[in-house]
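Sending over a structure as C-alpha cells; questions will come in a sec.
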Amino acid sequence: MTDSIYSDLKQLGGATVMPTSPEEAELERVPNPQADVNYNVRFTAPEFTSLCPMTSQPDFAHLVIDYVPGDWLIESKALKLYLGSFRNHGAFHEDCTISIARRLVGFLEPRWLRIGGYWYPRGGIPIDVFWQTGEMPKDVWIPDQGVPPYRGRG
Amino acid sequence: MTDSIYSDLKQLGGATVMPTSPEEAELERVPNPQADVNYNVRFTAPEFTSLCPMTSQPDFAHLVIDYVPGDWLIESKALKLYLGSFRNHGAFHEDCTISIARRLVGFLEPRWLRIGGYWYPRGGIPIDVFWQTGEMPKDVWIPDQGVPPYRGRG
Amino acid sequence: MTDSIYSDLKQLGGATVMPTSPEEAELERVPNPQADVNYNVRFTAPEFTSLCPMTSQPDFAHLVIDYVPGDWLIESKALKLYLGSFRNHGAFHEDCTISIARRLVGFLEPRWLRIGGYWYPRGGIPIDVFWQTGEMPKDVWIPDQGVPPYRGRG
Amino acid sequence: MTDSIYSDLKQLGGATVMPTSPEEAELERVPNPQADVNYNVRFTAPEFTSLCPMTSQPDFAHLVIDYVPGDWLIESKALKLYLGSFRNHGAFHEDCTISIARRLVGFLEPRWLRIGGYWYPRGGIPIDVFWQTGEMPKDVWIPDQGVPPYRGRG
Amino acid sequence: MTDSIYSDLKQLGGATVMPTSPEEAELERVPNPQADVNYNVRFTAPEFTSLCPMTSQPDFAHLVIDYVPGDWLIESKALKLYLGSFRNHGAFHEDCTISIARRLVGFLEPRWLRIGGYWYPRGGIPIDVFWQTGEMPKDVWIPDQGVPPYRGRG
Amino acid sequence: MTDSIYSDLKQLGGATVMPTSPEEAELERVPNPQADVNYNVRFTAPEFTSLCPMTSQPDFAHLVIDYVPGDWLIESKALKLYLGSFRNHGAFHEDCTISIARRLVGFLEPRWLRIGGYWYPRGGIPIDVFWQTGEMPKDVWIPDQGVPPYRGRG
Amino acid sequence: MTDSIYSDLKQLGGATVMPTSPEEAELERVPNPQADVNYNVRFTAPEFTSLCPMTSQPDFAHLVIDYVPGDWLIESKALKLYLGSFRNHGAFHEDCTISIARRLVGFLEPRWLRIGGYWYPRGGIPIDVFWQTGEMPKDVWIPDQGVPPYRGRG
Amino acid sequence: MTDSIYSDLKQLGGATVMPTSPEEAELERVPNPQADVNYNVRFTAPEFTSLCPMTSQPDFAHLVIDYVPGDWLIESKALKLYLGSFRNHGAFHEDCTISIARRLVGFLEPRWLRIGGYWYPRGGIPIDVFWQTGEMPKDVWIPDQGVPPYRGRG
Amino acid sequence: MTDSIYSDLKQLGGATVMPTSPEEAELERVPNPQADVNYNVRFTAPEFTSLCPMTSQPDFAHLVIDYVPGDWLIESKALKLYLGSFRNHGAFHEDCTISIARRLVGFLEPRWLRIGGYWYPRGGIPIDVFWQTGEMPKDVWIPDQGVPPYRGRG
Amino acid sequence: MTDSIYSDLKQLGGATVMPTSPEEAELERVPNPQADVNYNVRFTAPEFTSLCPMTSQPDFAHLVIDYVPGDWLIESKALKLYLGSFRNHGAFHEDCTISIARRLVGFLEPRWLRIGGYWYPRGGIPIDVFWQTGEMPKDVWIPDQGVPPYRGRG
C-alpha cells in the first residue's frame, strides 16, 4: 500500500536521527489532497522542551498548532523531528513560540496559522504565548484550543 | 407502529453485513419531516477506525458530524455501516476525514455540514482535522463540539 | 401566600395525572411579570423518555430549552407533565425534539426559543438535535447550554 | 488604615442585623475610584435562598452578577445583607432574579449589568434565568459565567 | 545504542505485519532487569476492537492491564500486535477480556496480573469486565485504574 | 459465526417486546465460559425509570450492577428488557433497587453481587441505595463504581 | 396505587408547614421492607442552611447522610422538613452536624450511620465535619461520599 | 444569641490584629460539646503563605488539617490568625508543615491529627508534605483530602 | 549563552530583594524581538496577596494578565517582584486589580492589555474584576482565561 | 536569614550546570529536622525526559516520588539536576523508573519510598511503572498519587 503524494519524502519510514538544532532540521511537505476546500489541521505536541538561554536549564511547553493548508500539508514525522531539535537549543518563551510558527508559515504558505505555547511555570508564574497570522478566516472552523489554565495548587 | 417516511429503507431492522470498503457501503436517506425550519443534527462516532496507508497499522479517531438538513435526513444505521466500512481501508487522517464529509455533502445536499476528526496520537502528536462547508449559518444554532484537547500525561 | 398571576392555573398544587399522550397534555401559561425587558429562561429536563416508533423500545434524552418570554411564561408543572406524556409515545429523535419546541412556540409566542436534544447512544452513535427560532437576539444573554459531548469509554 | 471613599458607609465593620425583607434592606454605594475606564465586577453568591410563594417551602439558587460600574460601586457587605433579606420572602424564580437585578440597576446606574440565576431543581427540572440590561458592551470584557449545566445523576 | 536483553526480539524495529488472528500473534518477552524487586507495570490500550460473534459488527473497548513481572517483561510492540490481532476476530466481552489476560499469564508467568475491560455501550448498557489472578499482593503498589464510569448523557 | 453457549437463548437477535411488568420479564442466562476463575462483570444502566407508587409520577435512576459469576452469566439483552419492564411499575427507591438485585441473585446464583442505585433528586434531596450480598471477596477485583455525588447547582 | 407500610404517615402527600425549629420538627419512619439484608441508604442535602449563633448571619452546608437501616427507614419528606427547620435556628458547625446525626440515630436505631457536613467557607477557611457511629461494617458497601475538596480560586 | 462555651474567647467578634510571628500568635480553644463521640473536623486553608528562609521570597501552600477532637475544639478565628502569622516568617516546606501540626497537637491534645501541605511549585517541582499522629483510628471516618495532583501544563 | 536584548536588566540572575511597596518596585522591559507581528503573552499569577485596607487582614487573588506587546516585553522576574510588593500593602479588590493593569499599560505601552482578578471569597461572596484597554483586537488571538467559577461547596 | 542544616550544600543558590549523565549527577541531602516522627514527602516532576535506547528518540514521563524520610531529606535542587541528567541518556521505561527510585533509596536510606512513572504514549499504548520499597507503613499517611489515567481521544 503506497500513496504517490508521499513518494518524495525522505524521513518517513526510514531510520531517522534527531537533528541537533532547529536550523539543521529539515521540514517536509506533501501536496494537499483536498486543496479545493478550506479546512483546519491541528497538531498537539505535549512533549516540547528547549533550554533557557540565560541558565541553560531545561524549559518545557505544551504546543498546539492550527493551520489551514493551502497547496501543502506538513509531513508529521518531519514536524516531530523539527520540534525535537529544540531539545538542546536555547530560546526564550516568546521568541521560540513565534519563530516555530513563522518557520511553518514560510515553509507551508498556509492560508492561515495559529500557535499556542503553554509553558510550564518558572518562579510560580507560567507564560502562555498566542499568535496567529491574522484574523480568523470566517468560513473555516477553528475550534478553541481548550488548554486548561494554570491553577497553582489546591 | 411504523413510519411511512422510513418505508423505503433497506438496512434498518433487517440483517446487515458490514461493507468491506467505503465504496461498497450504501448510504440511505429519508425525507426531512421538519424541512421548513433550519436545525442542526449531530452524530458522535467514538468508534472510528481505519488503516494507515503506509504501514497498514490501525488508526483510531473520534468523529463528530454536524449538519443542517435540507430535503433529507441521513439514516443512522446506514451511516454506522458506512463508517464501519473504513475498518480495513487505508486512508490518511486529513484525506479520510474530509472525504467522509464530502460524501455526506454529495448524498444529502445539506444546507451546511461540519466534521471534526479527533485522531489518537501517533508518535506522541495527535492530529485533529476540522472542516465545514462554509461560514456557519447565522440563524442556526451550532454548539461547539467540545471535545477536550489532548493532554499527554500528568 | 398567593400570587394573582397564577390564579387561573388548573394543575399547580392540585392532584395531577400524567397525560397519556402529548396531544392530551395541556400546557398552561401565566402572564410574564417582567414583560418590559428581554430575558432568557432555561429549563433543563434530564428525565425525558419516549419510545422508538420502529421497535417500541424506550429512548432517553436530556433536553434543554431556552426561551425569551413575550407576554407569557410557561407554567413549570404543566411543562413537566407535557414532557412526561411522551413516556409511551413513539417518535423519532429529530422529529420529537423539533415538535416539542414548535408546540411551545405556538403556545407561548416567545420572542425567541432554542431547544437542545441530547439523546442517549443507540448503536454506539448518539444523536443530538439543535434548533432555534432564528438568529440569537443580540441584546439578550443566552449562555451556551454546555452539555458535555459524548465520549464513549476510556 | 482607612479609605476616604468608604467614610459614609453605615454597615461595614459595625454590628449588622439581617434585614427581614428586601424592602427593608438598605443598599450602600461608594464612588468608583477608576470611573474613567470601563471594567466589569462580578459577584458570585452561592448561598441565595428564598421561599416559594405558593407553598412557602425554601428555594435555593446560585446567583452571579456582572456589572460595569459608572459613578458607583456596590458595597459588598450591604449587597450580602440585601441578598440575605430574601431568606423569608416569597418570590417566583423568574420574578425574583430579575427584580434583584433591576434594583441594582436603579441604585447603581451601572453602564451595563447582567444576572444569572441558577436555581436548584424542583420536580426534576431546574430553571435558570438570564438577564442583561442590553447588548454586551463591545470594548468591555465580560467572561462567560461558566456555571456547569445541571446533569441529573450518573 | 543497543541493549543486550532485547537482542532476541524479532518484531521490534523491523517491518511488522498485523497478525490476522490472536492465535497467529506471537508474543515476545525480555528478561526483567529489576527482577529482584516487586513492581507493577501498567499498559493502557484505548484502541482495542474486535467483532461480535453473533452479528459480526465491531465492538470497541478500552483495556488496562497491570502486572507484577517475575522473570519476564512483555515486549510492548508484540503486545500491541497481539491486541491488534483481535480486529477481525469474533469474541464475547467477558470471554475476550479474560482470555487476553490468561494468555499473558501463561506466557509471562507474572507474580500477579489484573485486567480491566471497559466496553463501549451496546443497547445503552455498557459492560465492564474485571479480573486478577488472585488477591492483590500486599507489598506491591497497584493504583486504582481510575477509568471514569459510563454516564449516558447530560 | 455462532456460539453454542448462546444456542438456547430466546430473545437475542429476534424481535422482542418490552415486558409490561417485572414479573412478566423473563431473565436468560448462559453458561460461564470462564467459570474456573473469579472475575467481576459490571453493567451500567443509565436509563432506568419506574413510577412512584404514591403519586404515579415517573422516577429515574442510574443503576450500576457488579457481580462475580458462578456457573452462569446474565444475557445482556434479557437484562435490558427486565430493567425496561419497570417503566410502568410502581416501586419505592429502596425496595426497587434491592429487589432487582435479589432477583438476579436468585436467578444467577453469583458468587457475589453488588448494586448501586443513584436516583434523581425529588424535593431537592436525591437518594442513593447501595447493597451487596456480603463482604467483598478478597481475591476478586471490584473497582469503585465512581458515580459522582449530587452537587445541587453552582 | 398505595403501599401499606406508608399508611401511618402524617406529612406525605398532605399540605405541610415548615417547622420553625428542630425541636418542633417531627421525624417519621416506615418499616424497612428489606430488613433481612444490610444495605446503605444515602441522602444528599445540598440545600441546608442555619444561623450562626454568635452573629445570626446565615450559614450554609452541603450534607450527606449514609445509614444502614435496621427495622426502620426514614421517610424522606419528613427528613426534608426536619433539615429545613434549621433555617432560623442558631447552631455551630460541629455541634449542628453531629446533633442531626444523633437525632437520626436515636429515632431510627440504624445498624450504622455516617454524616458528612461540608460547610461553606467563612473567613476563607471552610470547616468539614465527619462522624459515624462506629467502624464501617465490613459486609456492607459504603461508597466514599466523594464531595470535592474546597479549592479557593484559580 | 450567645453560647457559653465561647464565653472565654478573646479574639472572636472583637477587633483583631494579625500576629507578626507564629510565636506571637495565640491559639484559643473551646470545650468540645460532643466529646463523648469520635468525629473528625477538617479545616481547609487555601490562603497560606510564608517566606523562603534562604531567599526571603514568598512561598505559598494549600493546607488541609483533619483532627479528631478530645476535650477541646480549636477556635477557627484564632486558627486563621495563627496561620496568617507565617506571612513574614521564614520556614522550609517540610519543617513548616510539620511544626504547625505539632503546635496544634500540643495545644488541643486531639485523639488524632493529620496535616496535608500542598506547596506551589518551585523550579517546576512542587513538594507535598503529609503527616499524621499515628495510624488512622479505625472507628472514625477520615475521608481522603482529595487535593488533585500537580499536572504541569497541557 | 547570553542574549543581548537582556543585557540591560538589573534583577535577572542576580540577588534580589522583594520591594516593600508597589511604588518601590521597579519594572523592567526588554525590546520585543517579534515586534513586527501581533501576538498575545499571558502571565498567570496564582500567588497574589495583599492586605485589606479596612482590616489589614490578608486578601488573596489569582491574577491573569494578557497583553499584546508593542515595542517592549515585560521582564518576568521584575513582574514577579512587582506583584510580590503588594504583600504588605492595603488595597481594595477593584482598585488594586485595575491599578496593576494601568501601571503595566503606562510602562509597556502595549497594543492591548487585559487583566482578570479572581479574588478568594470573603463573607461567602467572591469578587472577580475584569478589565481591558479596549475592544479585543480582531486579528490577534486572545483565548478565554478559562478560570472556573466559584462554586461554594458540594 | 540562613539555616544551618543547609550549610554544607554545594549547588543550592550558586551557579549550577546540568550534569550530562545520571552517573555524573551528585545528589545532596540535609539532616531531617523532624526525624522523630514519620511523615511523607512527595515530589512531583512533570518535566522528565530521557532517550529511547533503541531509537534515540526522546521519551517523556510525569514522575511522582513519595518517601518517608529517616535521617535525611533530599535537597530539592540537586534532585532536580539529577532528574535533568537523564535528558540525553538512553533508558527503558521500566528500568529507568526503578533505577531512579533505587538510587534515592541507597542515598537517603528512607523509612519507605514509592515511585510512580507515568510515561507518554508510544504506539498508542502508554506504560506506567509503580514501585515501592515494601508494604505501605501503617501509621504513616500516603495519599494516592491520583494521576488521571490515559484516555486516548474523545
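In this document, chain identifiers A, B, C, D, E, F, G, H, I and J correspond to the written order of the chains, with residue numbering beginning at 1 in each.
To be clear about the criterion, a residue touches a chain if its C-beta (ideal position, glycine included) is under 8 Å from a C-beta of that chain, and two chains touch if they have at least 3 such contacts.
Predicted model only: the values in this text are computed from it and were never measured.
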Same-interface partner of C-E, chosen from the options C-J, B-H or A-H, over half of the pairs matching: A-H
Centre distance in Å when chain G and chain J are each reduced to the mean of their C-alpha atoms: 45
Whole-Å gap separating chain A and chain B, where each centre is the average of the chain's CA atoms: 28
Shared-contact residues (touching 2 or more other chains) in chain C: 46-47, 56, 60, 62, 120-124, 126, 144-145, 147, 150-154
Which chain pairs touch, all of them: A-B, A-G, A-H, A-I, A-J, B-C, B-E, B-H, B-J, C-D, C-E, C-F, C-J, D-E, D-F, D-G, D-I, E-F, E-J, F-G, F-I, G-H, G-I, H-I, H-J
In the complex, chain E residues that touch chain C: 46, 60-62, 118-124, 126, 147, 150, 152-154
List of chain I residues in touch with chain F within their complex: 151-152, 154
Contact footprint of chain E on chain J as seen in their complex: 51, 53-56, 90, 92, 94-95, 98-99, 102, 114, 116, 121-132, 134-136, 144-145, 148-152
Chain G residues within the chain D interface of the complex: 17-18, 46-47, 49, 56-58, 60, 84, 87-88, 120
Interface residues, chain H side, partner chain G - complex: 1-3, 6, 12-13, 32-34, 37-47, 62, 64, 69, 73, 76-77, 79-80, 138-147
